[in-house]
Each structure stands twice: as structure tokens, then as C-alpha cells.
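Listed next: structures, encoded as C-alpha cells.
The following pair of complexes shares a single chain, subunit A, combined with subunit B in the former and subunit C in the latter.
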Partner chain A sequence: MTAPTLLIRDLRLSFKGYSGLVEVLHGISLHIDKGERVALVGESGSGKSVTARIILGLLQTMRTARISGTVNFEGRDLEAMSRAERHRLRGTKMSMIFQDPTSSLNPVYRISEQFHEVLKRMVPGIGRAEADRKAAAMLADVSITEPERVLASYPFQLSGGMNQRVMIAMALANEPSLLIADEPGTALDVTVQAQTLKLMRELVTRHNTAVLFISHNLGVVREFADRIYVIYKGRIVEHGKATQLFDNPRHPYTRALMNAIPRITGEGIPKIQDNSDEYLAPLVVHEGCGEPGEVA
Partner chain B sequence: MTPILSLQSVSKTFTVGAHEVRAVDDVSFDVAKGECLAVVGESGSGKSTIANMILGIYPPSEGTISYRGTVLPSSRELSHRRAIQLVQQNPLSSLNPKRTIGASLRLALDVHGIGERSRRWERVGKLLEEVGLPADYRSRSPATLSGGQRQRVAIARALACESEIVVLDEPTSALDVLVQARTLKLLNELKESRGLTYIFITHDLSVVRNIADRVAVFENGKLVELDTVETIFSNPADPYTRGLIGAVPVVTREEEALRTSLTEKENNANA
Partner chain C sequence: MLIFAIARVIPGDPARIALGPNATAEQVENLRLRLHLDQPLSVQYGHFIADLAQGDLGVSLYTNRPVTQDIAQFLPATLELIIVAGLMMILIGLPLGVISARYRGSWADSTIRIFTLLGVSAPSFVWAVILMLLFAYFLPLFPIAGRLADSMTVPTVTGFLLIDTLLAGNIKAFGNAAWHLVLPAFALALSGIGQAARLTRSNMVETYDKPYIEMAESYGFPEGRIARRYAFRPSLIPSLTIIGLDFAAMLGNAFLVEAVFAWPGLSRYGVAVILRKDLNAIVGTVLIISALFLIVNIVVDFLIAMINPRIRLSQRAQ
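Entry: the complex of A and B
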């Protein structure tokens, strides 16, 4: 059996602050197989984004962060790599899409220049003309009808939805094996968000890219993910295939998250309990969803 | 009964360089006291321009806006500001980071001369308690609060001057779903206890379904549909409205069914 694209085992994280250690992740385990779309869902402060930063190797450079546990990327231990090696992975083998596309593109460079930078990560000697040609093809892939005009534009000249598509094109430009999407599209309006997610889903399916999709909204995840991990206060509380989880949410916290979403069928404003002790109930794993190497 | 707010053939044209952009095009509607009117549409549909005109930030190019039967003057007066208040999308940028929560709220009371000077600090504490925060948050700065707590402060500030109409501009879209649910509950409670009128601007139809009484749908500056929330969701007349409902991310099969039935109608209409 080939190694999963991403394998996280018992990952712990704490930050050293003025008042001692603050524990953020209490030993989380998750895996993503090749080409699989996996979602990590939880409220703000639950540890979703720090997990993404550890995978990218960004948090490891912070002096106050204490990290233990293993993160294997395509069978290689990230911890055993040097900083330079981890740096080489970013933007090539793994890439990321952020929440707000307009603020994550550089406002003083044209899209064409920024795309060139991205392509240089993989092929350092690539010329501008060659890069533009590649970029235009990739922009066409994300349903941008006038790639030349977009390449000649600055990010602020494009709409939010357009910038989001540019980001997706850039993130997939070097054919990464893992794409991390941190709340993509929440800064966009609903119709644009729906289009963007559909497009992203088509592309990652075609390229067989594994995706870690981070969100607080189970509704957004429902149509995108194959498998879902629900995270609460630095612990995974439920793990299952998307259909299992939505048909039969078993953890009290997952049920609360699901109830928190207003229904378009109209059932009034959601009634939810504040931090209940029930939310700390142990991990629920659905049938057939054990971590590799563990007895499911 | 006179509506609390009435828009009569309101248009707004902005001049950008050489050409003119008609952001709002001949829009008329009334808002009754105590109702929650949702204003929905995609970005660029003119919803924020409508809100800014109601707030008196700029006057309409054509048409009139009346509050309790009196046409609002083009310059923004204190009484107008006092009656109609705003809660913005991002509480981090709408609260002054250098002022304590208490000072921000106190300012609203001072400007509008509400209550006796010596009792205002106490009043600030009461306001905070009304939105579910402890009174001693008065001395904290916005940076020490969570997003949901900050939004509560912004709501308290909008209520400080005893306003009657609150324009809520995407008040929960920057919050996560659990915090959103709590904030919506608070807004509903305040509406009941204070008899407030809400103009709720959003693109999230799932929120609209559960808080609004009526829905106004905007597309390219035009009002395309205005009806009760039940009618809009069970039988939307406009294809654009159906598209908006179809784009809402859902979690249950019942919702999926409603969405699909609307999309099918759409396909039949196109065929």
C-alpha cells in the first residue's frame, strides 16, 4: 500500500506565553489519501488553521511554538527535513488557498508577475513569455474567459470572485499533491462561493489532488468533501465519511454545529447550547474510517 | 398607519471619471414599524447604496426617503442619526481600537445627550448587560474581545441613542456558525424588547429565512422582488431569487429538496 499523502499522528501543539504553556492541540490524528478531499471543521479557535500551518511547516519556525507528534507528507517525516527542504515543498508539492483572495495577492504587482513567481518555484529558469503562456492556459482552466486581460491586471482591478479563481489557478499551477484550502470563499457572496467551490472540486478531481478543506460551516463542506473530521478545542471529536456524518451525526458537538446553521426550510433561529460538557465527549469514529495502521 | 420609513422612486447615480453608474434605479418600498426587512442581492446589486442613503450618508440623486411621514433633508441631522443607526459587518474595523469599549459607548451617549452626565457610565454598563456582556467590559479594549463579543458591542452602540431603526449590514457574515446563531438570537430578543425595526442587508438566504418578515431582492440596482419571507421561499417569482436560494450551502435532505425543486423550475423556465 502506498503511503497516504498526509498522515498526522498524535499532533500536539502548545504556545509558550507569559503565563506558562497554553495547549492548543491535544493530540490530533488525521490522514488524507492520494486524491482525497478531506474537510476539517470546527469553530474559530478550535485549532484548524494552526494545523494547516504546521503541515506547511510555517509554525515550526516560531520560537514560542512547542510541537510534538508526527506529520508525514508522502511518507516522509516533515520533522526530519531541514528548513530548506520544507521551504522547497511549499508552492510546489503543497500549496494553499486563503480565505480572502484580494488581500492575499500582492496589490503592487500584476497577476502576470505574480504567476511568474509561482511558476519559478517549480522551474527556476522559466522566462516571462513562457510563464504567461502557461498562466493563460491555467486561467482558462478556471473559466476565466479573457486570460490576457486578467494577466495584465492588478488584483484590485478584478472582482473578488475573479481573484479567488486566480488564486486557485496559482495554487494548482505546479500540480501539487496536497492543496490546503482555508475557508475559501467565505469572503465572497453566496452565488460566487457556490460557483468557486464547484470549479475547485472539478479541478482537483481532474488533477487527482488531495485537499484539506478547512471551514466552520458544515453546509459548505457537504458538497465538497469525501471525508470529514470535526475538531473542537484542539481535539478531533468525530470522523466519518460525508454521507455518514450528515445522515447520522453522533457526537453532541457535531450535532450542535449542524443545528447552528439556519435552515432554508425555515425552523426559526437555531437554538444551541453554550459550551456544554457534552462537547468534550470522546471521539466518535464512523465505520470504515479508522486511521491507517490502527484497528478501526 | 404611516410606515416608519418610506422610499419613493429613489435613484442614485455615481459619476466615475467620464461615465455614470446607476447604483440604485427607481426603487420604492415602505418599512413598517417593528418589522425586519431583509435586503438581499449579490455584491454590486446596490444594497449598500440603499443602506447608505437611508442612513443619510449621502442623499439620493432622485426621489425621496421619508421617516415617519417627513421627508429627510439632504444634510444629515442629529435627530436623523439618532433614529437610524448602523451595525457593520466587521466589528474589528468599526470599533476604535484605541478606545475602551466603555469610552466608545459613552461617546454615543454624549453626542446625543442621553441621560444625565453623572449616570452615563452606569448606563453604559446596562447597555453591555442588555447585549449579554458583563458590565465590567467597559474598561476593556476591543482587541481583547472575540469577534462575537465585539459584534455585541457594536449592537449596543447602535442602541445607545435609543434608535428606532437599525440597519444591519451583514452583521454575522464575519462570524462562525455557532457565534452567528447566538448573535441572531440576541438580535431577535432586542427587536422584541425594544420594538426595533431592522433593515437586514445580507446575501445569506438561510439567515434571511429565519429572521426576516419580508424580503427585498435587488439585482443591478433594481428591486426585482419584494414579498413575505414565506412566499419568497415557497414560490419565488424571479429567476434571480431562485438562483440565490439555490446557492445556499445546506445540511439536510429537506433543504436539498427545496433547492432542487427551485432549480428545476428554473430549468423549465429556460426551456
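Entry: the complex of A and C
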């Protein structure tokens, strides 16, 4: 059996602030198998983005962050790696897509230059012409009909949906084994978001890329993920296959999230003020979905 | 026109001052006639504009030479000082800001911030006096005044000593001229360095929070490259605006710094002609300074348009 692409075990994170240590992640475990699409769903502030940043090795360099637990990437312990080794994985074996495509691209460089930069991560000596050729092919893959025009443009000259496609093409350009999508396209309008997500799904399936899909919207996740982890206040509260979870949400928080699925706008963070004991009920694991090495 | 008007309302009869107390009433009257000073102001203005259009600024009553010739003699010294100070501002100020922002919160950042705060907190002539006392008087590392050691001479070609000494192939004189430039130029540049560094830092720190920086980090681009291409380049636009303004402000500040370091530049000339109410020379000096001010601003706007694709492209579309 090959090692899962990503295996996180009992991950804890605290930030050192003026008022002492504040724990943000209270022991998270999750895994993603090769080519699997997994969603991490929870409300704002529940700890989704920090998890992503730890996987990329970005929080480890932050002086105020205290991290414990294990993060294995393709069987290798990230903590055991040197800073340079972790750095080498970024942009090559792992890549990331962000919430707002237009502001995630550098405003003062053309798309082709930014693509070149990304491709250089894999092939440091790649020339501009060669990079442009590859980029054009990648852009064609995300259904962009005039790759040359897009490559010669600045991000502000393109629509949000177009930039989102560019981001997807860039993220997959180096054939990473893990793609992290942090609320991709939440800043776009619903139909464009749906289109680009469909496209992304096709591409990751074709390339057999594992995906960690981060969202606060269960409705969006439903279309995309094989498996879902629900995170609430730094704890995983429910975990199961997408079908299981939607057919039979068992944790009170998951049920509240389901009821909050926005029907028309696709926007909106669930309004959950409740802090009762019920929400802090123990982890619910659906049948056949335990963490590797644990009794399910 | 404003310049013209201000020069005319300063009290005192220019012809009288020019000719000195011993001149006869007849001589004074002759000069007044020649300068059209006897005619109404509106007519004087007409003469002035007509001459200006031909590149003629009239004759200085103080040196008795065409004002353009005087300016051509004194301007290069001032320009040399300002250009060197401007280069210092860019070559010291911007890198300090970049280092400060990239290592924000570190001791290097704190040191730079204190240094730059000092720089902006006193006007350049105060720095001129302080630097002169410290590094020319108590610690005689630099010459105390002037542009070149008295023992040296170089033929005047451009008036820029740094260029003329090189043209003459006189490396020793070049070094000497550069050595004379250090203190006055640094005094003149200090507040600009401070402003450029502080502004670059604050813009870059703000830019570091932008999503495209996070994206660059998540792709593992090298840190130095992120600092330069992702944080600095977009922050350069506002910094450049300030540098342009500071550069223009140096034209004025140079007056006092030149006075402190006995720099034989336009300010010396300007002060001398104002005291003598030398109308043509005053107007000429102020005109040249305003023209330089304008040119600097246009160049800066042009540079900004060049590095900001949004402006560049919208102009091309029109």
C-alpha cells in the first residue's frame, strides 16, 4: 500500500500573543489518498487556512506560531525536513489556489511573466519562449480560447473568471500531487464560480491530483469532494464520504451548516452563534472512514 | 507673470542701486530709460515677454552681463549638487526602505527607522551645519567648503566638475571634486532619504499583506525575488511620487545648503542679485528654477506612467 499523499495526525497550533498562548487547532487528524478530493468545511475562523499554511510549510517559519503533531507528505515527515526541503516542495509537488483570483496575481506583471516564474520552479533554466509555449497549452486546457492574448495581458485587463482559469492553469502547470484550494473563487459570482470549479474538477481527475478543498459552503463542496471533514473551532467534528454526510449528517454543527447552505447567492457565512455543549459533541466518523492506522 | 510682478514691487530703485551712490541723476535717468523703467508696468511686461520669447532674459545690472550667461555659469554647480543628492536619495533611500520592510520587526529595521526619522526631522541646512561641524571641523575627513581644492584647475566645458575633470583626464581632480560634494549633497539628501525610505517601507509592509504575496510564497518563489518583484515593484509607484516632490524641493533647500558650504552655485547668485534688486537677474533665476521644477515633475510623472501598466495602457488606448 502506498503512503497517502497527505497524512495529518493530531495537529495542534497555538499563536503566542500578548495574552499568552492561544490554541487555534486542537489536534486535527485528516488524510488524503493519492488523487483523492477531500473537503475541509467550517465557518470563518475555524482554522481552515492555517491548516493549509502548515501543509505548505509557511507557518513553520513564523516566530509566533507553535506547532505540534505530524504532517506527512507522500510518506515523508514535514517536520523532519529542512526548511530548504520544505521550500522545494512548494510550487512543484504542492500548489495553492486562492479566494480572489484577480488580487492573487501580481498587478504589475503580465500573465506570461507570472507563468514563467511558476514554471521556473520545476525547470529553473526554462526560457521565456518555451515557458510561453507550455503556458499556452495549459491555458487551452482550461478552455481559454485565445491563450496568446491572455498571456500578453495584465491581470486587471482580464475578467475574474478568466483570472481564475489562469490561476487553475498555473496551479496545475507543474503537475503537483497535492492541490490546496482555499475557498476558490468565493469572490466571483456564482455561475462563474460553478463553471471554474467544474473545470478544476475535470482537470484534477485527469491529472490524478489530490485536492484539499477548503470552503465554508457545503453546497459548493457537494459537487466537488469525495470525502468531507467538518471543522469547528479548531476540531474536526464529523468526517465521512460526501454521500454519507449529506444523507445523514449526525453532528449538530454539521446539521446547522446544512441548513445554512445558501440557496441563491452562494455567498454568506452560516450564522451560527450557538456555543452550547451540543456543538462540542464528540467526533462523528462515518462507516469506513477512519484515519489510517486507527480503528474505524 | 507672478515672478515679474513680485520682482517689481520690491521697494527701491534698481537703477539707483546698480549705479551706486556716486552716480549722477542723469546717469540714473539714462539707465531707467534703457530698461524701460520709466514706462507703465504693463508696457514693461510687454517688453519682458517679447525678450523672453527670444531666449533673452536681459542684462544683469550686477554683473553687467546677459543674465543667461550668468545663469549658465552658476547653474551647473547647483545642478551637480542636486543631481548627486537625488541619486543619494534613490540609491540610499529606496534600499533602506526595502531592507526595513523585508526584515520588519528586526533590529535592522529599528535602526533604519530611527536613522530615517532623524533624517526627516530637521531641515537640510541644519544637517549641513551639523555635518560640517562633525565631519569637516572636529573630524576633518571632508573639505569644509567649495567645489575643488584651490591648487587645482580644470578647463570649463560643461560646468559640471565631475564631468569636466573626467574630460580633462584628471582623475585626481575628479576625486577631489567628488570629495567636496559628499557633505553638501548628503546634507541636502538626508530628509529625502528619510522620506523615501519611510514611505517605501510602509508601502511595502502594506503590500506584504496582499494576496499575491501569499500566492508567491505558496509557490515557493525565492524570498529576495518576492521582496523585489512582488512587494517592492508595486510599492515603487507612490515612492517615486514623493521622490519627485523631494527632488523638486531640493531646488529650494539647495539655497541654504550652498550658503553653508560656500558653494558657488545659483543660490549665491540669487541672493546677491536679490540684495541688489537686479530685476532681470532675479526674474531669470526664478524662471530657471521654476522650469527645472516643472521638468522634474514631468519626468517623474512619465516614469510613474512607465512602471504602472494601468496608466501606460490607458494612455495608449486613448
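By definition in this document, the second predicted complex is superposed on the first by the 284 of 296 C-alpha atoms of A that agree within 3 Å, B and C clash if a C-alpha of one lies under 4 Å from a C-alpha of the other, contacts with A are read in each partner's own complex, and residues count from 1 in each chain.
The working rule: a residue touches a chain if its C-beta (ideal position, glycine included) is under 8 Å from a C-beta of that chain, and two chains touch if they have at least 3 such contacts.
From a predicted model like this one, the values you see are computed outputs, not experimental measurements.
Contacts of A:109 after superposition on the shared chain: subunit C is touched, whereas subunit B is not. Of the two partner chains placed around the shared chain by superposition, neither subunit B nor subunit C is touched by A:68. In the superposition on chain A, A:223 makes contact with subunit B only, while subunit C stays out of contact range. Between subunit B and subunit C, it is B that contacts the larger number of residues in subunit A.
Legend: residue contacts after superposition of the two complexes on their common chain; A:243 is shown touching neither subunit B nor subunit C.
In the overlay built on the shared chain, the residue A:98 is in contact with subunit C alone; subunit B does not reach it.
Of the two partner chains placed by superposition, only subunit C is touched by A:87; subunit B is not. By the touch criterion defined above, A:44 reaches subunit B but does not reach subunit C. Looking at subunit A, you'll find no residue that touches subunit B in one structure and subunit C in the other.
By the touch rule above, subunit B contacts subunit A in their complex via residues 42-43, 146-147, 173, 176-182, 184-185, 188, 203-207, 209-211, 229-230, 233, 243-252, 254-255, 258-259. Note for the complex: subunit A touches subunit C at residues 56, 58, 87-92, 95-96, 98-100, 103-110, 117-118, 121, 154, 156-157, 170, 180. Those residues of subunit A that touch subunit B in the shared complex are 43-45, 159-160, 186, 188-194, 216-220, 222-223, 246, 256-272, 274. Interface residues of subunit C, counted against subunit A in their complex, comprise 210-212, 214-221, 229-230, 233-234, 307-310, 313.
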